[in-house]
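Structures follow.
Look at the two complexes coming up: chain A is in both, with chain B in one and chain C in the other.
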Partner chain A sequence: MKQLIIKPKLCTNCHICELACSFKHSMEFDLAHSRVKTIFHAEDDLTVPEICLQCIDPSCMKGCPTGALYLDDRINCIRVNYDSCIGCLSCVVSCPFGNMLQDRSKPGHVYKCDLCDGDPVCARFCPTGALTYVEIEPLTGSVEMELEKVEAEVG
Partner chain B sequence: MPEIIIDGRRLKCEEGETVLDVCKRNRIEVPTLCYHEAIESWGGCRLCMVEISHPKWPGWSNWVTACLYPVQDGLVVGTNTTRVRRLRATVLDLLLARCPNSSVIQKLAAEYGVEDTNYEPRLDGDNCILCGLCVRVCDEVIGVTAIGTANRGASKEISEPLKEPPVDCIGCAACAYVCPTDVIQVIQTPDYRVIWDRTFDMYKCVECGISHITVEQKDWLIAKDNLPADYYDLCDICKRKHTAEKQKELSML
Partner chain C sequence: MTVSIGNIRSRTAFVDLTSGSVTYEDTSPEVVEKFIGGRGLNAAYLYKLLPPDTDPLSPENVLIVGTGAMSGTGAPNSSRFNVTALSPESGIFGDANSGGFFATKLRASGIDRVIMLGKADVPVILKVEDGEVTIEDGGKYWGLDVNETQNAIKGDHGPSSEAICIGPAGEKLVRFACVMSGVKNAAARGGMGAVMGSKNVKAVVAAGGRIEDGLVIDDPDGFLTLCEELKDYLQASLIVKVLGHVGTPLLYEVSNHLGAIRTRNSQDSSFEDTLDAEIIHDHVSKMISCHSCVVHCRHRNIHEGEGPEYTTIVLLGANLGIADTAEVIKLNNLANRLGLDVSSTGGILSWAMELYEKGIIDDSLTGGPVKFGDYNLAVKLIESVANREGFGDILAESSRAAEKLNDPKRDYLTAVKGLPQSDPHDVRYIKAFALGIATASRGADHLRSRPTLEVFDLPPELLRDIYGQDVSRDPTEYDTKEVVVYTHENIYSLIDAIGICKFICHGFNSPKLLKHEHFSKLLDKAFGAKYTEAELRDVALRIVDLERMFNNRQGIRRKDDTLPRRYFDEPMPHGVAKGHKIDRDQFKGMLDRYYKIRQWNDDGTVTQERIDEIDAMVDHLAGVRT
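Take a look at the complex of A and B:
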C-alpha cells in the first residue's frame, strides 16, 4: 500500500507542492486553493507540510451527518462525495488536525486531499523529497524503532 | 443481478436501485431539482421523468420519475426521447411561470427550448419552486424540523412555524446549501449568522476568533457524537498549526 510520507527536515518551504496542488484541483496558482499547507517555524528554521493524514479512524467521517465522506479503499483515501454533501461544515470542525478545508469564497464548500486519485502531484513535484508517495510496509515494531528507521533515512 | 437498457446501453444494476441511481453511476444526464443523494427521493419536481418499457408489455410504455422507480430486469429506459423532452418542456414552462427570475430555471428551460412561459408569470414572487429539499434536509438529516410548509394549493409556501424565527433551528445553513434555486438568504458576518429571520451567534475559535459554526450547531454536534464540550474550541487553521507543532517536535527527536 502506498502512502504519502512527510519529512519536515527535508522541506525548504519552496511552496511548489502547494502550487502544484492548487493548479491540479482548481486550474489556478493560488495557495488558498491548495490541499497541502506548509507551516514555517522560524525559531527552529523548520517547515512542516500539512496534509490530510488519511486517518484509520477518521473524525471527519464520523462527524458527517450524511455519509458524504467515504473511504476509497483502492488508494486508502477519504474522499468527498459532493452529491451527498449538505454544506454543514461538520467535517471541517470535526477534523482534529485541521486538514479538512473550506472554500472561504463559496459558503459550505469543503475540500480535502484526494491523493490525486493515486498520483499526488505534491509528491511528484517536491524537489527535495520532503513529500513522497511510496510503498510502505505496515508498522511492525514499536513507534521508537520506526522513528529510528526514519531518522537513519533522513540523516 | 438485474440488467436494464438505458438509451440503448445495457447496464448492470443492483437490486433495489432506482433508475436515477443507475443513470448517475453511468454518467447519463437526467435533470433534477428536488433530488439530493443524502435525502430520500420525493419525486416532486417531475423533471427526472423518463420513458420506460419492458419486453413483457409489448406496445406499452409509461412515464415515471427516475428518482423513485426501482429497476427491474429487462427494463428499457429512454432518458432523452422526443416525448420525454416534450414532457420536461411542459414542466419547465410551468416552473418558469412560477419563478421567471430564477437563472437556474431559465437555463434549464432554455435547454428544452422554452424561452418564454406560456402561462402568466408570477412576477412578484420569490424563486422558490416548492421542491421541499430544505424541509426534508432539516427533518431527515439534521433532525430538528425547524421549518415546514404552510398553507395549501396556490398559496403553499416554505415557512417557519407561525412565521416567527424558528426556535428549533440550529443555524447550520444546510437548507440554504441544498436549495436548487438559492432562495434561502443567509447573512454571514464573523460574529453572527442570520437565517430564517433568526440571529445566531457564531462559535469562535478560542485562539484566533475565526468561526465556522453557530453555538447551537456546536451543541447539536456534541450531542450527536457524544464529544467533550471543548472539542470544537479551535478553528481549522489553529488546529493545523498545533498539528504542525507536533510534527515538528516529532521530526526534531
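Take a look at the complex of A and C:
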C-alpha cells in the first residue's frame, strides 16, 4: 500500500502543493482552497506541509454523529459521504491536527484530503521530495530506529 | 485579430488616489494579443497613460503593478510580476520584476493589474479582495521598515494575505527605493518604491477571492500534466540543481577567477574568497523558494533576513571593499529592511568612496571620512540614505547627485542612462555583456539580456540553434555579439510578459531550459491561446520596440547607448581578463549592427513606420486618460 510521506526538512515553502491541490479540487489557484497547508514555524526554521495523516484511529470519524466519514480501504483514505453529512462540523473540531477543513463560501461544507483517489497531485508536483507518495515497508525496528533512518536520509 | 488569446485574463483596476475612485477594465483583447501581460502590458499602459513632461515624483506619474499571463497558475516558477513607471532615478522607462508570493495571491483575489494614478492626501494602503480594490488608511504602517510592515499586514489582513510594500527609503523618496514583496524579494530597479511613496501608498495587500475570482483554465487535465512534465524536465537540469543548492553566489568564484568582480568601484577586479558561495553557505539556515518554484535559490540567513544574492555580496561587499562574510550579509538585510535597491546602493556608495579617496570631494561635503572597507561606515551611510539625512540626502539622489559630488560627467560612476550597473560582473571582458548593459531599456542592467552563454564554450551547432546563425565563441570578440544581445533581450522580454522566472528560461544560464515551444504549449493548455513560436517572437520584438519608443520620447538617442568611461579607458588589472577594455570603434560598430538587426534608425530611434504600427495597437487600450 502506498502512503503519503511528509519530510518537512525538505520543504522550501514554494506552495506548489497547495496550488496544485486547490486547482485539482476546485479549479481555482487559491491556497485558501487547498487540502494541504504549508505552515512556517519561524522558531524552528521549518515549513511543515500539513495534510490529513489518514490516522489509524481517526478522531474525525469518532466525532461524526451520522457515520458520514468512512475508510476507503482500496487506498487507505478517510473520505466524506456527502449524502450522510449534515454539516455539523464535529469532525472539524475533532481533528487534533486541523486537517479537516470547511469551505468558507459554503457554510457547513467540510472537505479533506482524498489522496486524489490514489494519485495525490501534491506529491506529483513537489519539487523537493518533501511530499512523496510511495510504497512503504512495514516497520521493522523501534520508533527511534525508524526516526534515525529518516534523519539520515534527509539530513 | 490574428491570434486567438482564449481566456488570458487581464483584469485591470485603475486607482485614482487623488479622488479616491476605482474603475475596472478587462484589457482590450487586441492589446493582450500583442503584448500578452506582465512587462509587455505594463509598458503599453505606461506608454499610453503617461502625460508628456512628467516629473517622476509628481502625482502625474503612473505606477503599474502587473502580473504575467501565467503568473499564479502553478506553471513552474510562475511567481513573477512587474512594477512599472517613469523612473525617478534614470528619467526613462522604469520597470522592475519580482517574485515571491504576491502575484499568485493578487490573481486569486480577482485582479491582474493595479494602476495607481494621482496622489493620496494621507498615507494609504490598497486592499485587493474579491475582485475589488479599496483604499484604506495606511497611517499606522507609515514609518515602519519592510519586515515590520509585512508582519503588521499579516496580522491585520490574515496570515494568507500577501503584500508588496515600501520601506522608509520609499517614504523618503530615495530615488533608488524599491518595492518589496515579502522581506527580501524586490522589484528593485529604477526607484519604483519612491514613486509609490510619492503617491502616499505604503502597501498593496492581496487578501483573497471567491471561486468566481479565480482564473479559468481551458484544459485542466492537460494543463496539470504539462506542468508536471515541465517540472520533471527542469529538475533534471544540472544548473537548476546547483542554483537550488547555493543560489546565485555560485557565480562569485567564476567571475572572481576571471578577474571580473567589480571591486572598490571597479578600480580593481578581484577580491577575497570570503564571499565564495560555500563560505556564504555557512551563514545560511535554509534554501527557500518563491511560489511554484522548482529551483529554490533564495537563502534564509542566520542574521535575521533572507538572501544574499550574488549581486548583493559584490555590490555591498567587494565593491565597498568589505570582505567579512557576516558583515556583508548584514548589509544585505539592512538594505532590504529599509527598502533600498542593493545594486544602486552599492554603486552610489562606492562612487562616493572613490571620489573621497581621490580628493574630489572632502569632509566639507561628506561630514567625515568616506572610505572603502569600513562596515560601520557603510551601515551609517545606508541608514542616512534611507532617511535622507546629511550626506545621505545627497546620495539618495543617485546619479543625479553628480554635480554636488563634483563629478558632473559621472566619470567615476558605473552607470548607463543614469542607472547604476546591477550585475557584479565587470563587462570589459565579455563584449556582448557590455553591449547588453548599454542597450538595456532601463539603464545599466543585466536582467534585460545577460548574454553569458558564450563563456561556456558551447559547440557551434548548439549556438546556431540558440542564435539562429553562427556566432563567435570568443567572449572577447565583438563580431556577431549584436545577435547574441538581440536574442537574449527578446526572450527575456517575453518571459517577463508571461510571468515566469528567468532562472528557468532558455539562455539565462543554460541553453536547455524553457523556450518558445514550451511557452506556446503553456498558454494553450492554460488559456486556449493559440500562439505559434513565430508569433511569440513577434510579441518579444514588439515589447522591446515599445520600450524603446517610450525612451525615445524621453529623449534617449544613440549617445545614451554607451558605457561608463572607465570601461573604455582603463584596462582590467587581474586574472584571465587582465588587459581587457572596450574599444570605442569596435563598440560603435557593434552598436551599428545592433540597430540594424533591430531595424532602428542610425540615431537609435524606432522608425516612424514601426511607431505608427505599434501606436495603432496601443490605441485599443481604453485607458482612463490620454
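One rule holds in what follows: the second predicted complex is superposed on the first by the 155 of 155 C-alpha atoms of A that agree within 3 Å, B and C clash if a C-alpha of one lies under 4 Å from a C-alpha of the other, contacts with A are read in each partner's own complex, and residues count from 1 in each chain.
Note that in this section contacts are C-beta pairs under 8 Å (C-beta built on N, C-alpha and C of every residue); 3 or more make two chains touch, one makes a residue touch a chain.
Note that the coordinates shown come from a computational prediction; the quantities given were computed from them, not determined experimentally.
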item: Overlay on chain A: chain C relative to chain B, clash or fit; value: fit
item: Partner chain in contact with A:Gly67 - chain B first, chain C second, else both or neither; value: first
item: Greater residue coverage of chain A in the superposed arrangement, chain B or chain C; value: B
item: Touching partner for A:Ile56 - first (chain B), second (chain C), both, neither; value: neither
item: Partner chain(s) touched by A:Asn99 [first = chain B, second = chain C, both, neither]; value: first
item: Touching partner for A:Met1 - first (chain B), second (chain C), both, neither; value: neither
item: First, second, both or neither for A:Ala152, with chain B first and chain C second; value: neither
item: Partner chain in contact with A:Ile86 - chain B first, chain C second, else both or neither; value: first
item: Partner chain(s) touched by A:Pro127 [first = chain B, second = chain C, both, neither]; value: second
item: Chain B versus chain C as contact partner of A:Asn13, first or second or both or neither; value: second
item: Gap in Å between nearest CA atoms once chain C and chain B share a frame through chain A; value: 11
item: Chain C-contacting residues of chain A that also contact chain B; value: none
item: Complex contacts: residues of chain A adjacent to chain C; value: 12-16, 19-20, 23-24, 26-33, 45, 47, 105, 121, 124-125, 127-128
item: Chain A-facing residues of chain C, complex; value: 72-74, 101, 104-105, 107-108, 160, 208-211, 214-217, 220, 224, 227-228, 231, 235, 285-294, 296, 300
item: Chain A-facing residues of chain B, complex; value: 24, 36-38, 137, 141-142, 172-174, 176-178, 186, 188, 212-213, 217-218, 221, 224-225, 232, 234-245, 247-248, 250-253
item: Interfacial residue positions of chain A with respect to chain B in the complex; value: 6-9, 37, 39, 41, 44, 46, 48, 50, 62-63, 65-68, 81, 83-90, 92-102, 107-108, 147, 151
